[in-house]
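Take a look at the structures listed below.
Two complexes, one shared chain (chain A), two partners (chain B, chain C).
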Partner chain A sequence: MISLRSVLWLCARYELVLAVRSRWLQMFAVVFAGLALAVASAGYILSGGHGVQDFSRTAVSLVQVVLLLVPLASLVFGGLALTPDRGAAELLYSQPVPRGAILIGRMLGVWLALAAAELIGFGIAGLVVQSQAGLDGLSRYGALVITAVVITGVFLAIAALLASLNPGRRTRVLAAALVVWFVTVVLFDVAVLGIASMLRSGSASRLLISATLINPVDAARTGALLAIEGTAAFGAASLALLRFTGGAAMAAAYVGLSLAAWMVLPLWLAARTLSRADI
Partner chain B sequence: MVGPALLLVLGLLQSPDAGALPPGAGVEGRPAAEHTSPIQALVDRAHPGDRVVVPAGTYDGDLLIDRPMTLVGVGRPTLRGSGTGSVVRVRAAGVTIEGFDIDGGGKGDLGRDTSGIHVAAPRVTVRDCRIRQALFGIYLREADDALVENSTVTGIPGRDPGENGSGIHVWNSQRFRLIGNWVGGTRDGFYIQSSSHGLVRGNRAGDLRYGLHYMFSDDNVFEDNVFENGAAGAALMYSNRMTFRRNRFVHNRGFASVGLLLKACDDVVAEDNLIADNARGIFLEGSYRNHFRRNVVAMSDMALVIYDSSGANVFEGNAFTGNLAPLSLSGKRTDTRFDGNYWSDHGDPDLDGDGVSDRPYRLSNVFDHLRGNLTAADLFSRSAAAAAIGAAERAFPVLDPVPVVDARPLARPPVLDAVPAGSSPSLSRSVASTGPPLLLLLIGGGLLAAGGRSWVSAS
Partner chain C sequence: MIRYRAFTKAYGGRRAVDGLTLEVPAGSVVALLGPNGSGKTTSIKAAAGLVRPDSGEVVLGAEHLNALDARARRACSFLPQRVSFPETLTGREVVDFYRRIRHVPGDATDRVLKFASLNGAGERAVGTYSGGMVQRLGLAVATLGTTDVLLLDEPTAALDPEGLGAFYRLVDARRQAGGTVFFSSHQLGDIERLADRVAVIVAGRLVAEFTGRQLAARLADRGVMRVRVDAPTAGLLERVRALCPEAAWRGDELIVPGPASMRPGVLDLVREAGGDIRGLTAEEGRLDAFYRELIGAPS
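After this line comes the complex of A and B, so read on.
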């Protein structure tokens, strides 16, 4: 009987190999590095040379890029890679090991590949900032890198769920992935703001703050910006958030909990669905 | 007959100085014998115009200077106050005090203006003094033509700002000059009231309540000062015709903190200042005909707060960079004129290449409108949703927001060489090292290479 760990590792390596050879990943790496580079150099120019650009400012500008691009890439790439198809997946899932382990292993492989592409992008942008503004705010830049890697995992887990719900139907998985992306990145926030504008201010504040913690994109953005800029990130709203959660440590815990839940729950559902599916 | 009498009484009540006290009345005189500094004997022996040198050492007790003379500390002697009143009391015109460390002992009475150096005479100079543990640092009271230079004031540690006095307090002293001083840990850095035609240059006030607290004083000039880490950088009220050049109002980050606050101030000119990293950048209430030119307003939650009680204010050629929102307008309309400023959140292109964006910049959108009522909405201010709402509203206007526009927004940030650079350590350059970014590159590349290699070995 092959051990669970080596199943995970084998599947992860299998996906990593596939990913490295995939045009999708290569494209993502190039696009991500290009955008990060553009933001890093544009940020320096936009500051008007008044010394207000450093790693922290770049990290803040990159938060927007990361939270638009990384969920999309993770959903699309995860959907493509993890949808069980005829052939390889049939063979793989017929092996005498838990299907959940295979799924998690494959997801880990994709995660490693995407994270590697992101690290290269951050590294290139980092070199540009570093050459122009020095190393100040590096730890905050690190917070952004971690945010990107975590949010990759969250959306890969969601992609895994979408994939295992639609075995053999990649187009449907991709369509669903795009819907999920649009809802989490734009629609959810617009809806929340719309509802909040109709409520009284007390309940509206509670709704807005809860919403930022529930939606993984909002949770990641809020957490990253607060980590990078402190309470200056959202002005008085930061203080409202901290009072609502009961302090900075609790706010961090809520953000972490939300992201962890968004990673574990879809993955668990995906594994359950897959183990019952007829592939 | 009742009417005029009542008016007279009201007039007396309203007069800020009451006009009844003769100059110098109520100020501390000669300290009690047991609280007198040993230097008092030197002063009492001096003739008008003498230069008296005090050698290094620590001298306990308070000192009255009642004749025009120069008192010089050599080797930084320390004057340690008795704690029962001001340490040095200057009561004669033309006195110069130079080179002393003054310790207020952490005691004193706010109501009696207990100070490190208390000046109540014209043409006095204080130079190169360091004042610590005093309620007020240097107090200029009806001290025309005073000069305070290269001096340092630190407040009494462990107290709330409200329990301390001001660093340098200027009251009813015309043509004062404050140059190159450093104030921290006091209530206000520089408190200036009813004192006009002064010059404040090259000072630094930080870690206190208001860097500059200012009332009923006209025609003063502020150049090259730093006001940082306070509840407000500068709060000016009921005064006219001040000039601000090349000052830094930075890191004033409290809940309702402001970089530069003008309340009922008219005809102020502010040029080439850096107003950065404040909760609110510039605040205008009941103020008229103020000009803001070539300033950098950056990294604020709200760049401008304008009450509609203000009028005829002009913003020209400023750079508004990286602010969460440009304008909070209290009221229904404003005639504030914005012309040729740079707004970093204005994405419109400049297709004809004349340096001006092709469309006017609107200082409000639907999201700002929503935010106005809901603080927590700021949590979404930097989401894609906020950008989408803004773009949608520009394409399909549904609201009729207050029309505040910059008709000729600059397409590129202006080069403002006179504006001082940021001061905090995080804004300075540090030693170059490519290590950490390279590490990221190596990890990423290594992962990918590992994937590729295992393929090779597998095949």
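After this line comes the complex of A and C, so read on.
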């Protein structure tokens, strides 16, 4: 009998091969590299300067791009990859291995593929930055890369949950993925700030702190800014979290826990749902 | 062995299968026959552990394992009705993946590709395959390993002649090895050619079940003999009706429905009555007509 670790590795490798041969992933790698390069080389334009920014400025400028693009790519690519056609799903899930292991293994494969595409994008932009502006702030740039890879895992876990709730129904999974992206990336902050503005100071603070930890995009933004710029670039919600936790180290720990929970819980729920689903 | 005990499954309030009780004995080849939407696919998928019963149970293998148990899935191979594979993988990569998942030795890949007549196409991407080749690739995957139970959902629906040959060889080989094969099909020829037993399911309910011998007898009962007789004598029809009450004249033809065993006696009666036999045709009962009768469809 094949071991669980072998199933995970086998499915991850299977999915990695599929992803590497996918035009969607190749396009994502090109777009990501192009955007990173554009941000790195155009960062001074707004301040009237020219030339390539250093790693620190490039990292700060890329935070928003990463938090906008990476969740969308992860949800869409993950949704497509983790929702096989009905005939493929029936054959795959009739094999004598746990369905959850197949799903998690495939998710790991997609994660590896997307992370590789992101690393290529960051790498190309990084080479240009290094050649023009030196190595200053490289660790901050590295923190952004880690944030991108982590947020990829979080949204792939959510995509896995959506796929397990709708086995064989790609259109539904894609529609749900777009809704999740819109809510977490766009709507959530607007709604929270709107509600907070109507509450008293204490309640508003509690809401903002919860919001930062509840929404993985906000948690990742807080974590990335904390690693790149310290607390200088914090917004209202992140500052509220900082006050609540009593310092940057505890705030980072809370953010890390939130992101870890966002990765583990959806994946656990996905495996559980799929194991009980009719295929 | 596969045993359905009062297996019931509904989708959105509509019962796809309603209290199915059926046994597929070990070492037998059993065909599941029924019109579209009758519950064949749901029944076979339940045996493959893909569908959870609302009530009742499905057990399989010598150990009578619940079909939902992962150990039961080790005892069976399943080929879905419309099997599909990622288009960018080669046939060999697909077979290799499933071979590893089933923990089957490496030489099986070449063996099953050859068996499915895909040994020349194994290095090509699945996206370049015809529908028949994809179905043959599915058959190749289903033949990996030596499972006790083979579950096939309309396996011949999209098969080309090469694939059909491979499918017949597969079923014959499993039968010889003492394996159990349970398949659904609309191809009545496949059923007559392969099945030891036939189960007919309509609107989710089992309406008939026959062994191969019983089916042959039922079909024989539905045969008909036509005897063209010159100068028929009076009273011949009454004498023939003593043997076959449904016999009738149609012009100069004496129509005698019924089993083949009755026919020599009828011919003797015609001769004894001085009838001059000018022509004779005999037609065996057709499975399609019998099937339409069973499912209540107009013939």
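Criterion: the second predicted complex is superposed on the first by the 262 of 279 C-alpha atoms of A that agree within 3 Å, B and C clash if a C-alpha of one lies under 4 Å from a C-alpha of the other, contacts with A are read in each partner's own complex, and residues count from 1 in each chain.
Basically, contacts are C-beta pairs under 8 Å (C-beta built on N, C-alpha and C of every residue); 3 or more make two chains touch, one makes a residue touch a chain.
Note that the structure is predicted; figures quoted are calculated from it, not measured.
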Overlay on chain A: chain C relative to chain B, clash or fit: fit
Partner chain(s) touched by A:L16 [first = chain B, second = chain C, both, neither]: first
Chain B or chain C, by number of chain A residues touched: B
Which superposed partner A:P266 touches (first chain B, second chain C, both, neither): neither
Touched partner set for A:G105, first chain B, second chain C, both or neither: neither
First (chain B), second (chain C), both or neither touched by A:G126: first
Chain B versus chain C as contact partner of A:S205, first or second or both or neither: first
Touched partner set for A:G153, first chain B, second chain C, both or neither: neither
Shortest span in Å between Cα atoms of chain B and of chain C, once chain A is used as the common reference: 5
Set of chain A residues, in rising order, touched by both chain B and chain C: 17, 21
Interfacial residue positions of chain C with respect to chain A in the complex: 45, 48-52, 70-71, 73-74, 76, 78-86, 88-89, 93, 97-98, 100-103, 138, 141
Complex interface listing, chain A residues touching chain B: 13, 16-17, 19-21, 45-52, 54, 56-57, 63-64, 67-68, 112-113, 115-120, 122-127, 129-131, 133-138, 142, 145, 185-190, 192-193, 196-197, 201, 204-205, 208-209, 212, 217-218, 221-222, 225, 231-241
Chain A-touching residues of chain B, taken from the complex the two chains share: 253, 255, 274, 276-277, 279, 296, 298-299, 301-302, 319, 321-322, 324, 342, 344, 367, 370, 373-386, 388-389, 413-416, 419, 421-422, 425-434, 436-448, 450-452, 454-455, 458
Residue numbers on chain A that touch chain C, as the complex places them: 1-2, 6-7, 10, 14, 17-18, 21-22, 84-88, 90-91, 93-98, 276, 278-279
